[in-house]
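Both complexes below contain subunit A, partnered by subunit B and then by subunit C.
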Partner chain A sequence: MSYNAALTDLIIKMADDELIQGHRNSEWTGLGPVMEEDIAFSSMAQDKIGHAWALYRILHENLEGKDPDKFAFHRPEKDFKCSHLVEMPNEEYGFSLMRHFLFDHAEAIRYESLVDSSFEPFRMLSKKVKGELKYHTLHANAWIMQLSQAGEESYQRMQEVLNNTMALAAGIFEASPEYENILVTEKVYPGEAALYQRWLDRIYPILVKASLNLPDIKTITPAYGGRQGIHTPYLQPLLKEMGEVFNLDTEASW
Partner chain B sequence: MSQTITIASVYESLEHVMDPEIPVLSVIDLGMITGVELEEGAVHVKMIPTFAACPAVSYIQQRIKTVLEQELDIAVTVTVDKQAHWQSNRMTAAAKEKLQNFGIAPPQLLAGEVHAEILLAVPCPHCGSKETYLRSPFGSTLCRAIHFCKSCGQVFEQFKPLE
Partner chain C sequence: MSNESLDPRVNRLKLGEAGEIVKVEEGENWNIYEVFHQEKRGAHHEHVGCVHAPDPQLALVFAKEQFGRRKKCVNLWVVKSSDILAFDVEDEDMFANNLEKTYRDASGFKVMEKINKFKQSK
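Then we have the complex of A and B:
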């Protein structure tokens, strides 16, 4: 049924974003610039991977999907539907922070919209996740504000990283050419175009407070492709590392 | 079955199942139990985790099963209740006092959604001062935030309010 196929597609996109972003967050464990940030990124990694697991479980239980662990760790790269934004290496802290700010607000918007979804498992999960995400966006906002007001060099670096990350972040909202209409018509969610607009409206006042300039949206070419299984060269090495232990023995019981 | 098992006796036993991360609180104190059903020769307990990604969920489920089977001598099944979600308002007043005495500031009662201001001026569990600020919304476990008390100069943790 195309309705189930459309739902499956949407859930895989959301879950893969959470899983890969969670993995990237976990790479700060032990390396954070200050201890609180080490703890924060590690905690957010745990949250993200937990949310990915909850989504994979919906696939498994409601849509005849595979076992969540096998699905997460035992898939070829082309079957992943994560956005290019989450695939990018952490690089310096400024990029990680800006990605966290842009990504978590996008997620918050998405889960808030799912509170009214026609798909019951989304309604149940979104109530839980949207509350937890409050702490992610609170954390991101506080650091965006602090670093943008921490002197000339700091401000310039924040503006630069915002300019360089917007196209990647806009790629989160890549709609499926096959399924978007069904999902919107069936009121599963409001659709990527609506979420994109709500996201811009949400981040704009925070950036203004931080005196950062949102790049002109019309000049941006969103980094699409991830949702169709076309990825950056950074995903494959991440998948290999992430599944290293699991793939030693896929039948082992942990 | 050597004794008559009632819903009340199941709840009493559940008070003996402690949280692995905060050992002074039981699963009842935390408001993690959403239902108890008695079936023929078996008890079914429904529970919810505090945070979705709580790594202790399966451990807590196992502890509930072990403790109840030992104390009540009956087969026990424990499932995660998908119809309910945990909010910090589910925590009992007694639990908040125990938390405070354990050195962790309890979550404030939420009237609506969580907003940034609610994390300011959290009373210090050591000296009671409200001259405190949020140092980080993430702490040693998913459910805790880190605050700093300007009066006694100590860092302390708070169990985060969750809507």
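Then we have the complex of A and C:
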């Protein structure tokens, strides 16, 4: 049934974004700029992986999906549907923070919209993650404000990293040509175009407050492809490392 | 000559040769914030420690990580330590009690006996 296929596609996209973003953020553990920030970033990384797990479980329990652990760690790269944004290596902290800001607002808007979903597990998940996402976006906003007001060099670096990350972030909202209509008609979610607009409306006033200029959206070519299984060269090494222990013995019980 | 350090605060301060005068620019150094933790609604906020942060908003974030993650917490306050007015340590003698006036100490009232008696009578 194509409704189930559409739902499965959407859940995998959302879950893979959470898993890969969570893994990337966890790479900062032990390396954060100050200890409390290190703890904050690591703890939010765990939250993301928790969201991924909740989504894989919905797949497993409602849509005949595989066991969540196997599905997460034992899947070829082309079957992943994460966006290019989350695959990118961490580089400097500025990029990681900007990605955190752009991704988490997109995530918050997506989960908020699911409170009215026709799919019941989405409604429950939406309520469950609300508090966590509130904190994640508060944390991101606080850093964006702080670093964009911390002198000329800091401001310029924030503006530069925003310019360089916008196209990647816009790639989050890559709609599936096959399934988008049915998901919107069935009121599973409002659709990528609507979420994209809401996201821009949400981040704009915060960027204004931080005196950062949002690049002209019309000039941006969103980094699409991830949702169709076409990935950057950075994903494969990440998957290898992430699944290294699990794949030593996929039948072991933990 | 700058002293490359893993601690960003040291680099921010541009510490050079020993003996050079270090000038701290506004906003360059972080402040200390005292953290108050509330365990349940309506309860007092209790002082639990302090955090080092560049502004009040991030002080709250750091306080949540440091003090909000173990026992139950419904709210936190942060207050810049320098905004707290305190007596001088040397003025401790102001609080000294005259031995003959211990009857003034609220702790001097022995009520548990009465309370227990009352409970038993119920």
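Just so it is clear, the second predicted complex is superposed on the first by the 254 of 254 C-alpha atoms of A that agree within 3 Å, B and C clash if a C-alpha of one lies under 4 Å from a C-alpha of the other, contacts with A are read in each partner's own complex, and residues count from 1 in each chain.
Here, contacts are C-beta pairs under 8 Å (C-beta built on N, C-alpha and C of every residue); 3 or more make two chains touch, one makes a residue touch a chain.
Remember, it's a predicted structure, so these values are computed and weren't measured experimentally.
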{"item": "Which superposed partner A:E36 touches (first subunit B, second subunit C, both, neither)", "value": "both"}
{"item": "Partner chain(s) touched by A:G50 [first = subunit B, second = subunit C, both, neither]", "value": "first"}
{"item": "A:K128 touches, of subunit B and subunit C: first, second, both or neither?", "value": "first"}
{"item": "First, second, both or neither for A:W143, with subunit B first and subunit C second", "value": "second"}
{"item": "Overlapping contact positions on subunit A, where the subunit C interface meets the subunit B interface", "value": "36-37, 39-40, 43, 135, 138-139"}
{"item": "Touch list for subunit A against partner subunit C, complex", "value": "33-34, 36-37, 39-40, 43, 135, 138-139, 142-143, 145-146, 150-151"}
{"item": "Footprint of subunit B on subunit A - complex, ascending", "value": "36-37, 39-40, 42-44, 46-51, 53-54, 121, 124-125, 127-129, 131-132, 134-135, 138-139, 141"}
{"item": "Footprint of subunit A on subunit C - complex, ascending", "value": "8, 27, 51-55, 57-58, 60-62, 64-66, 69"}
{"item": "Subunit B to subunit A touching residues, read off their complex", "value": "51-55, 82-83, 85-87, 113-114, 116, 119, 135-140, 142, 145-146, 160, 162-163"}
